[in-house]
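Heads up, there are several structures right after this.
What follows is a pair of complexes built around subunit A, which joins subunit B in one and subunit C in the other.
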Partner chain A sequence: MPADVFHSTVTQLNALMGGFFLLSCFAMVATRQILACLKIFVVQSIFLAASACLLGSLHTSWHLFEVAMITVASKVILIPWLLRRSISHDIYARREVSQVFNIPTSLLMALALALFAFFLARPLLPRLAGPSWVNLPIGLLGLFIGAFVVAARREAIPQVIGILAMENGVFLAGIAIASSLPLIAELAAALDALVVTLVFGLLASRIHSHVGTTTVGDLATLKEE
Partner chain B sequence: MVLIVMLVILAVTAGVCLIPTRSRVFAPGITVLGAVAILALATHVALTAAAGSKVVAIRDWVSCDGFGALILLLVAYVGLGTAIFSWGHMKGPDGADGALRLRRYYCLHNLFLLAMLAVVTLAQISLVWIALEFTTLASVFLVSFEKTPKAFEAAWKYAILTTMGAILALFGILLLYWGMHQAGGGLFTWDGLTAAMPKMPAGILETAFILILVGLGSKAGMAPLHSWLPDAYSQAPVPVCVLLSLVETATIPYVIFRLWPGFAGPVGAYTGSWLVFFGLVSAGVAAFLLIQVKELKRLFAFSTIEHLGIILVAAGLGGAAAASSAAYQMVTHIITKSFCFFAVGAALLVIKNQRIESIQGLVRSFPLAGVALLLGALAVSGAPPFAVFLSEFSVLKVGLSQSQYLAVGLLVLFVGISFCAIMFHHSRMVFGRPLVPANRPAVPVSYLAPLLLTALPMALLWIYMPGALADLLRLVGALLGR
Partner chain C sequence: MARHLLFNLVQVLVVMGVAPLAKGVLVRLKERVQSRQGPSIFQPYRDLRKLLCKDEVVSEQSSWIFRFTPYIVFAAPIFVTLLIPVLTSYPLFFAFMGDMLGGGFILALAGFFAALAAVDTGNPYGAVGASRTRMVGFLAEPVFMMVFFTVSFDAGSTIPYIVQQVWVSPPSNFFSPSHVLVVLSFLMLIIAETGSIPVDNPSGHFELAMIDESKALEYSGRGAALMKWGGHMKFFVLMCIFLNVLVTPWGLAGSLHVTDLLMAIPLVLLKIFLFLLVLVVIESSLAKLRLFRITEFLTAAFITAVAAILTRLLL
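Moving on to the complex of A and B:
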């Protein structure tokens, strides 16, 4: 394949992955079922890994392929397995009926966050020439929408998934802007994501056994009187 | 080499604490021994650094200069206090389950200290971020130690909000890495970064700074992102409150201020004014919340937020004198706050309920706790001649010398309101007619020793300032002052 055809194909594929990543963020806001939320997170992590592979093939950087492999190992395999183990299965089948906002409102707010992310990223974009520019605004959007998921959900597991989605957003931008970060940092970040999942999962299961609920949003006894 | 030995000691003691033994003295004993060793080594590092030489264990990976050594010394000093205090204060339920919980407590206590030491000794910024994240992860189960529904609620809020903040800060750190790449690259260490920062585009620097300040600020309890902090303090055991204060007013400001030498010119003015703004908001919010506070540990939680505000304002003023007064404030605050919490722990020997309205006449029913609480309240709210007064005074002096009249005026107002609020609550708790009959429990040595350990510097810094400490503060000023 000629070099320029390859280049433009990969660029378009990367933009497509960015688009899918963006869609998965909105899907996470719109789903009520906890298991579906987890599945969307897994799919989102696959898009992240795919984007890392595409950028890696473009820059012929083995480093980005390693990042993709670490992402698949930690976020597609280990973290979902840990989360499924920590809380009993019937909770995953549950649908959340009492979210803080209803779904149309949530989607509108997510849209506002998306505009805000593009607004914030705009002055930085001219510095990011080349095919990876799309990763920066979409990564920032992933960060904001993840934070919104944490704030809008009352159940423990979706809140943890929101935090992990924030991290996915940071890494989607990271593979574009900090592609030569030493591998040890990536490994440590993957380890950190695993430990975060472990600690939150353990805490959620303790809350389940001691308080009798995993709807952490309803725990509101501590406040200023 | 010394730095590696310190990290290894804490990792080993954390592991050894988990060994199941029948004796309940084993884990606390090992923890105290480890803490003594850490303090000895930290003093050695601090003396070396005060003489002006950087302590390097592995070049570009593990090293410690004057600022790092100052925080290292604080972590070691306060860590020894909490280790001793835990010995008498932490009592799990009877039986095998209680023993297991205590062993886990000491393990996490050491891991928490290990994470804090790692923050100040690691030079690679991405690893510093990981270490900061581990301070949260190690302390989540310390906050939920009591295993009550309220404790779990506090621990969950704490974990969620601080982890979100850390991820926000990670984005800022990656932006800085990007900027460094554009400015020509180099090693992503503190030295490499601050050398490259003046060459970076201003847009990247400003965005990265805001993300890092807001992210780490939510982890430090900076208003308006502080909502988890009083909840966590009200539920966490007393020694854990001390360690949380240590993270919030020493370790995290350390990381934020490390970026300081790199902000020059217009970016410097921009970042400085944000720091002053958030500092004033924190001090103001805390001052007004202190008026209506209902619980003893919440009161000191708001006082921590207030002091974080003072530290941020001091550093935001800019210049060498401001930076060393911010560092001085970090030292005096955490020593005084530890004393206050140890006094609260002593008071908890007789009071079962920490609601302020149900505590009266402590000075008659239990004089030691009453006197200690009163001294602590005076010291932490900035009454002379205690150490916090000296440092707050130096902050105000620097502000006035830079003609920052508005910031200084507001700060004086907020400190004044806090002083009145803290003294009002404490005069009710300490004086008056006791609600409960006089009950003077034997005070164990494990309470007296940490009280004494923190009272000495708190009360005597105005007479005698150790030369090495003064050197370290001057070094911080030289490092951070632009």
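Moving on to the complex of A and C:
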């Protein structure tokens, strides 16, 4: 395959992965069910890993392949396993979790955040001329929508997934900015996410065993007793 | 020029002739997935012949709208057929008469008259169906506009024949995020517009749950046949736009030879068959949404379309 055809195809595929990442961010806002939310997070991490692989093959940089491997190991396998263990039976039975806004409203708010992220990233794009320019605005958008998920969900586990989605967004933007980050930094970030999940999962299951619910909105009323 | 005109007419004949077959194949496939025998794939033709032979009963209370609507519903997809690539990849005689927006308006006109006719007879189910279709329709409209904008920004044109070429020439265009997201969004739009399962159940016969079907309840004889045939053709035309312009813009006749045109017919039918398989999988694996969750379905389609235009314009 000629070099320029390879280059343009990989750039386009990377942009496509970015597009799917964007879509999975919105899907995370749109789903009602906790397990579906978790599955979307796994899929989103796979898109992140794919984008890292594509950029790695473009820059012939092993660091990006390592990022992809760390992402798959921690976010596709370990974190979902940990979260699945900490989801209580009560939530399995209820399946749907309440939100602060209804789904169309929260989707439109997420859309406003997306526009904001794009306009914020726009002045930076000319400096990033290269195949990875899609990653910065979409990563920024992942960060904002993750924060929105944390704010709009009333259940502990989806909030944790929101924090992890923010982390995914930062990673996606990170591989665009710094294509040769030292491995130790990547490992530290991945381990950090893992520890965060572990602590939150433990906390959620402890709260559930004490209070009987992990619905965040209801927890505020317990302060008086 | 004469040949362009002739080919355009062949397109119309193909759409008129094959549209009921597509419907028959879809019904048959769905029944087979549910491990039932299912009617023959030619059943829609038999239904149409039976209805055309029967007498028509028209309520005394109804106005001219009721009598004219079947002709409008029947003619609208034929006009759209003249504008879109069904068999050829080069513009035909009527191609520049209207763009995709024009086609959308023609189909919307048919929908508008169908809703009016449903209210016209005073049948309570008709009014319920009409208001529900309007609800789905006005939620689908912004999605259609967004898809249309994205596609025309990509192609720099609004004529479907020209748009189609954009995704053929450099193959990497086909994988651009805006294209893939537009395809997803348009798929959701087709499901909503043709009343397929997550939005509406086309084979249901329970009047209170109907959305699309309840509009034509009052028609009999020739009127019913034209409404049904028009519905089949609308479905076929939407599939043609989806497949020939967006998803698989290959396999169309490239030259003015008659043999090329005849070769294109089986290829288009094959594409439609494959799409019907996908549609059957979607329809069999999802449950019908509650009426007020249709808003969420179409909002998701809208967000997908906006994501497409964001990746196109701002990146």
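Note that the second predicted complex is superposed on the first by the 212 of 225 C-alpha atoms of A that agree within 3 Å, B and C clash if a C-alpha of one lies under 4 Å from a C-alpha of the other, contacts with A are read in each partner's own complex, and residues count from 1 in each chain.
Simple rule for what comes next: a contact is a pair of C-beta atoms (placed from the backbone, for glycine too) under 8 Å apart; a residue touches a chain by one contact, two chains touch by 3 or more.
Predicted model only: the values in this text are computed from it and were never measured.
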Exercise. Could you tell me if A:42 is touching subunit B, subunit C, both of them or neither one (first, second, both, neither)?
Key: neither
Exercise. Would you check which partner chain A:124 touches, where first means subunit B only, second means subunit C only, and both and neither mean what they say?
Key: first
Exercise. Check the residue A:167 against both partner chains and state whether it touches subunit B (first), subunit C (second), both, or neither.
Key: first
Quiz item: Does the superposition put A:194 against subunit B (first), subunit C (second), both, or neither?
Solution: neither
Quiz item: Now for A:73: first (subunit B), second (subunit C), both, or neither, which partner does it touch?
Solution: neither
Exercise. Check the residue A:115 against both partner chains and state whether it touches subunit B (first), subunit C (second), both, or neither.
Key: second
Practice problem: With both structures superposed, pick whichever of subunit B and subunit C touches the larger number of subunit A residues. | Solution: B
Practice problem: Could you tell me which stretches of subunit A are touched by subunit B in one complex and by subunit C in the other? | Solution: none
Practice problem: Could you please specify the touching residues of subunit C with respect to subunit A in the complex? | Solution: 170-173, 175-178, 180-181, 184, 295-296, 299-300, 303-304, 306-308, 310-311, 314-315
Quiz prompt | subunit A-touching residues of subunit B, taken from the complex the two chains share | solution = 124, 126-127, 130, 133-134, 137, 140-141, 144, 147-150, 152-157, 159-160, 163-164, 167-168, 170-171, 174-175, 177-178, 181-182, 188, 201, 203-204, 207, 230-231, 234-235, 289, 292-294
Quiz prompt | Partner subunit B, residues of subunit A touching it in the complex | solution = 120, 123-124, 127, 139-140, 143, 146-147, 150, 156, 159, 163, 166-167, 170, 173-174, 177-178, 180-182, 184-185, 188-189, 191-192, 195-196, 199-200, 202-203, 206-207, 210-211, 216, 219-225
Quiz item: Which positions of subunit A touch subunit C when the two form their complex?
Solution: 8-9, 11-13, 15-16, 18-20, 22-23, 26-27, 30, 103-104, 107-108, 110-111, 114-115, 118-119, 122, 125, 133-134, 137
